[in-house]
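Next up is a structure, given as structure tokens.
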């Protein structure tokens, strides 16, 4: 099983979630993060003082998937998130040793979905 | 060492923390996330427009533990978080290669607690 | 490749980011978390009721780095975050199996930076 | 709205002859017998007194309208701004606040330079005011208005400049109401151009028709039997509400509407805004009596009771139909009730207020609940659903519930059909006019400066793309 | 509170005989010699003038009370709503806002239909008003109130309808204060039922006892020597505060109280709310002079100074005892000071205001700091600790600090014990009555509709479970 | 600011002789011929009338100033508190709110005990008021002020106590403005000590010089030709603004300034605050007419138009230079326009208001945009850049744009240089005085109680370190 962490543009979130659903990956966890990357944000201006804003708003999507779903997950995220501009984000994949569904106590592959 | 990520219902957080403490696991990191799972939330209503709310408020608890603490941690989280209803959440376990306590520079098992 | 998660004091964030930059590690993801650790916070007082505040505001910094950057990253974080007081925080290191830059589709070491 | 208390002139003459009547209470005296004197029907004095004695200025009336003016200002910023701002998504709140504030800037200047004269200046065939008062020429800051030709005065006991200022606030909030229809998707520049043109093409003429001396639809013309509009059901809520409908239709839906819209990002802001609107509405409606008199009290009571009834009605329907009374429903109902009673506030008794409040809760609820989803109309914050529908209901309802004992005009249930007919006529003409002109203006503006932001800008949000700012920080 | 300026009638007659005195200044004249004329002790005129001349209406007084009414409205929504709402947890803020707003809806309607008559209508044995004014029958929107039987008037220079409206706002905010005691755990339906019953069983009778003409505890009865309550220390703060105590006891503690309670989720909201409360309190207290006169000025100064002193006292104690002055402490102290000075505002000089302000900072601080933790009483937002304790202190303190030079009543330190005794009596009777009745009502309501939400609902929060809404979004 | 309407006294005598003129309209009469009677130039009556008849009290004027006082209160809390609070970082908002609220507490008490007497009491050589009115001795709550020696009155138609109360609000908000300069880095104790000393050393004397009867810089002295300051350009904005400059220089920069500062943490709060400031400014400026008269209307119109023009100017410059109009720019410009027009509001016509508004948008914009970044001056929230620069512009501009038709004083463009010279003189003296004294006070306070928080405290934030509280919770 794999644990996927994707950092994407906030405005692509809906698309990414939709693409994941299409691939049968419904369960995800989402949160708000700030990212420092290559991207320069829209320079915000406060009383004529430009803030080039090194920390930009991003959305982090986490999804635990069984190994066979990994390629589908990656390409779904790519499809939903990609605009071709700097700031599109990254996907990180880690090995997931164990999963446990709290409600039923099920463990492993079966508990992931 | 293991890195545990648990996604639980916000209203179970206090119980989970309490159960963890009982097992001697005091150190944790908590954050607010949104989860898309099997659960349908309480349908929120805005000007008669029902939002079935596919992204529900969840709490994420992260705890790094030494291997021998893993079973206790899992059962404590289960105990605190379980209501038997859809939405109770999941626990993910990953391998943790290294830990470092910033204050003292200690590393490894000893730095975890 | 490694995935580093550091939990630090909010007021050290700028220093940590600066130290990381010095080491050539520019890309990071930052978020707000609450931490339960050894530290007792400044006891907040609400209508004379002291809250010893078991959950304290922390900042979580995540950085994926190539293996050769790991030592530099760790010491940069230590340098920026360390005050010598309880609450300075922890660094967790996990193995990172794969990285993918969404914009270009690049994978692996080359995609990390 | 402008009540005419013309006999005051005679009263003053008499009182100075008998050298005993305290003039300041003259106003109250007149108001205290409302069916005759404090009517909104102009009583055309045959031989107008040539000079209006400044002795007629009343400090109490002036004090109240100074305050009422400030209250109506507050309705736009931060009242309406917050009410709307709390309901949009985090990434668009500043755009709403900025639109409201910019209207304050621009329309205030337009008003003193052009708008007041076009709306209230000497009439040109009952259609529009002349340019005689451009730049406030002839608008005294110290003496009341007095129209020598007709013997009428917009407000005989307060300085003319104060009446102008009070009306300015109405001219600001009206286009601001329309923001609710196109929120989260209009380009800032196009918004500004549209609002300015709209003021000239819709607000100033319609204000003149209904409230201007000689306006062809109102009661301040020789017929004296036209439509009434106590504090702006037709002039404010119908013009804005109908134009909101046109705008929502023209602009099309927001991306993701209706299935993927996020809920209001900060409901407490909407409640603060709603509370300030209610507070300001006392100035809006009771201030429209243009004095601290019995008519102001009547309007205050009607306003409050209708707001309360409508809020309760919406909350109750929510409770029954959606299983829970919602905060947003309650505040929406209340604002709808306040809007709906606006044209009627100075003509009805409390039972009329309760009836109008009930209708103002029921009909917009049904519209938003049943009809809107079918139309797939994206009237983002229900500017049409609440202000348009409410304005129409209220402006017709005054022709039904007006009690002759309150302010000399008689509604259907008291046996007179003429007021009802006048109201129907005015509502139709103004409604159709607003619809047509607004649609035309949108087409025009869209050519000069595209109305809608790009798809990318809509996704990223108007705050960053139109104003280079974010409302909130994430960490610090 | 209702000051009687009856000699005005005579004054008016005299002035018209001599045909020279400007009537408008008549009020000021009287007020300028406050110990005799502007007293809250009714001066029963032996031969009441049969018809009350409308000439006595004063536009300045009317203007001020129109504004004061709007200000007291603002105190409930959004003032108190935000003050309380900022102090609860994120998951419950809407429930607090909704409770406040719903009280505006329901109690406004109850007031015009039943409540005003029961509170201020013709007395039945000094215990309750009759049904004579149900539905505002005989309540003129244009003429002042005048009671032919006693020759008294609640407010001789403003329309009766305005006095009714001003009082309505008091009838709304009083039960709203109790919300602080049961916040975060009461079912919405039960809350509503309780509040309605409470208004009938506690507020309307007590208002009549103290403020109604003929009420057995107040000063507007033939004895003319009863208790005074300038703007609602007894009628508002004691009834609400004592009932809050009963409610907190009856409801029990919130889950997790006191050790695991989260701090206030949005202190700036509480500060906005507190600021609006202070602003509105000028209307509440200075408005209770029922005119724009010297008594209003006295009340405004006393109110402000007591609020400032109490805030400073609490902040100072915090600084000494908790090592830091806290924002929540400062605003709590200030609100406590404003509440405490309410019954006294029109009877004391600035030294009295400083003394009362100091007590209002000190005693609630000690209560909340020392006594409350021992009681393990979960008065969630200190409705009892601040309003109850403050109301009692203030209502007794007026019997101590009342200066005969201000408003004709004399406190202990100026050598008279009778007022002090009257105050003690009224405080005890109203306090015990409120405690007993509220407890009974809670038992009753609990049978019909359980008061407390389920454990699960309390965990999830009232916003979602009672209203199906969340106050804030996480992402968008 | 205090307009003198002294002929009223004569007018009253005459009117009582002829037994016919309604006295209440006397004010209006006078105001209606502004160049002669309603001037801010004192008309020293040779034979002052010994007793001031209470008949001159006017309920309308009193009503308006009661409200205006409440409005100016609202400007500090929550107006300015939110405006500033929204602009700082999350960790410091409570410290700003607390500073504002504490000033309300402390300076209100200081004012009634010492400050009012030192500012407005019987003059000592034109430099400072005497101690004669300490503790409000001789300050009647019911009668207007009347200075038998000069025959002048601060406000002849409202109670003296109300004038005192209105002025109190100015004495509170002035030091509160300075907070913008040292926000996010001053220790709370030192802040409090500084503010108290500053009130004694700067505010009370300067208020006396300009507004006190006999003050050596103003117009209420025998010369009758001194500087004018309608509502506080010199007394409020220059003193505060210049002191802000001194403070920002003395305190040094915040850690991380200017490159690593976080943007405003909650811009909607700043907009709510700005909106409430605007609303309150109607009380501040139009209230400074001290009556509900034509001058109040003039001031209200000028104030609003200048605010709108300045806001529009700043937004327009932003649009041109920074490519987008920003919300923060728009509200900053508006507040700057309101501040700048303050000294002039009662002396100019709308064209003057537009001119001043334009300068008030342009010059601070250029300062903040071009000059400030070079100075590397950390005037955190632009207290100097907006209030200081604006106050200077406005106080000089009144000497340029004052129209003799409005209030009897003549500016440069109407051909008179004397007012201009008086203004320059007053601006320079007060500016230099404020700069020097403030700098000295800061040095002094810094010895007693260090001004600046430790580096660690600054990083952690003032809320936690100075007040042991957090403004917001993260989860609950």
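By written order: A, B, C, D, E and F. Residues from 1 in each chain.
Everything below uses one rule, namely that a residue touches a chain if its C-beta (ideal position, glycine included) is under 8 Å from a C-beta of that chain, and two chains touch if they have at least 3 such contacts.
No experiment lies behind these values; they were computed from the predicted model shown.
For the pair chain A and chain B, the fraction of shared interface numbers is less than half, so the two copies use mostly different residues to meet.
Computed from the mean C-alpha positions, the centre of chain E lies at a distance of 33 Å from the centre of chain F. Each chain gets a centre from the mean of its Cα atoms; for chain A and chain C, those two points are 19 Å apart.
For the pair chain A and chain F, the distance between mean C-alpha positions equals 53 Å. Along chain B, residues 30-32, 34, 44-46, 55, 94-95 each make contact with two or more other chains. Touching of two or more other chains is recorded for residues 19, 22, 24, 58-61, 63-64, 67, 263-264, 266, 272, 292, 322, 324, 326, 328, 468-470, 474-475 of chain F. Taken as a contact graph, with one node per protein chain and an edge wherever two chains touch, the assembly is complete, since every chain touches every other chain.
Note for the complex: chain F touches chain C at residues 256, 260, 456, 459-461, 464-465, 468-470, 474-475. Within the complex, the chain C residues that touch chain B are 2, 5-8, 31-38, 55, 58, 60, 74, 77-78, 81-95. Remark: chain C residues 10, 13, 30, 32, 59 touch chain D in the complex. Of all residues in chain B, only 44-51, 53 touch chain D in the complex they form. On chain D, the positions that touch chain E within their shared complex are 19-22, 24-25, 27-29, 31-34, 58-61, 63-64, 67, 71, 89-91, 262-268, 271-272, 274-276, 278-279, 282-283, 286, 291-298, 300-301, 304-305, 308-309, 311-312, 315, 322-328, 330-331, 334, 350-351, 354, 406.
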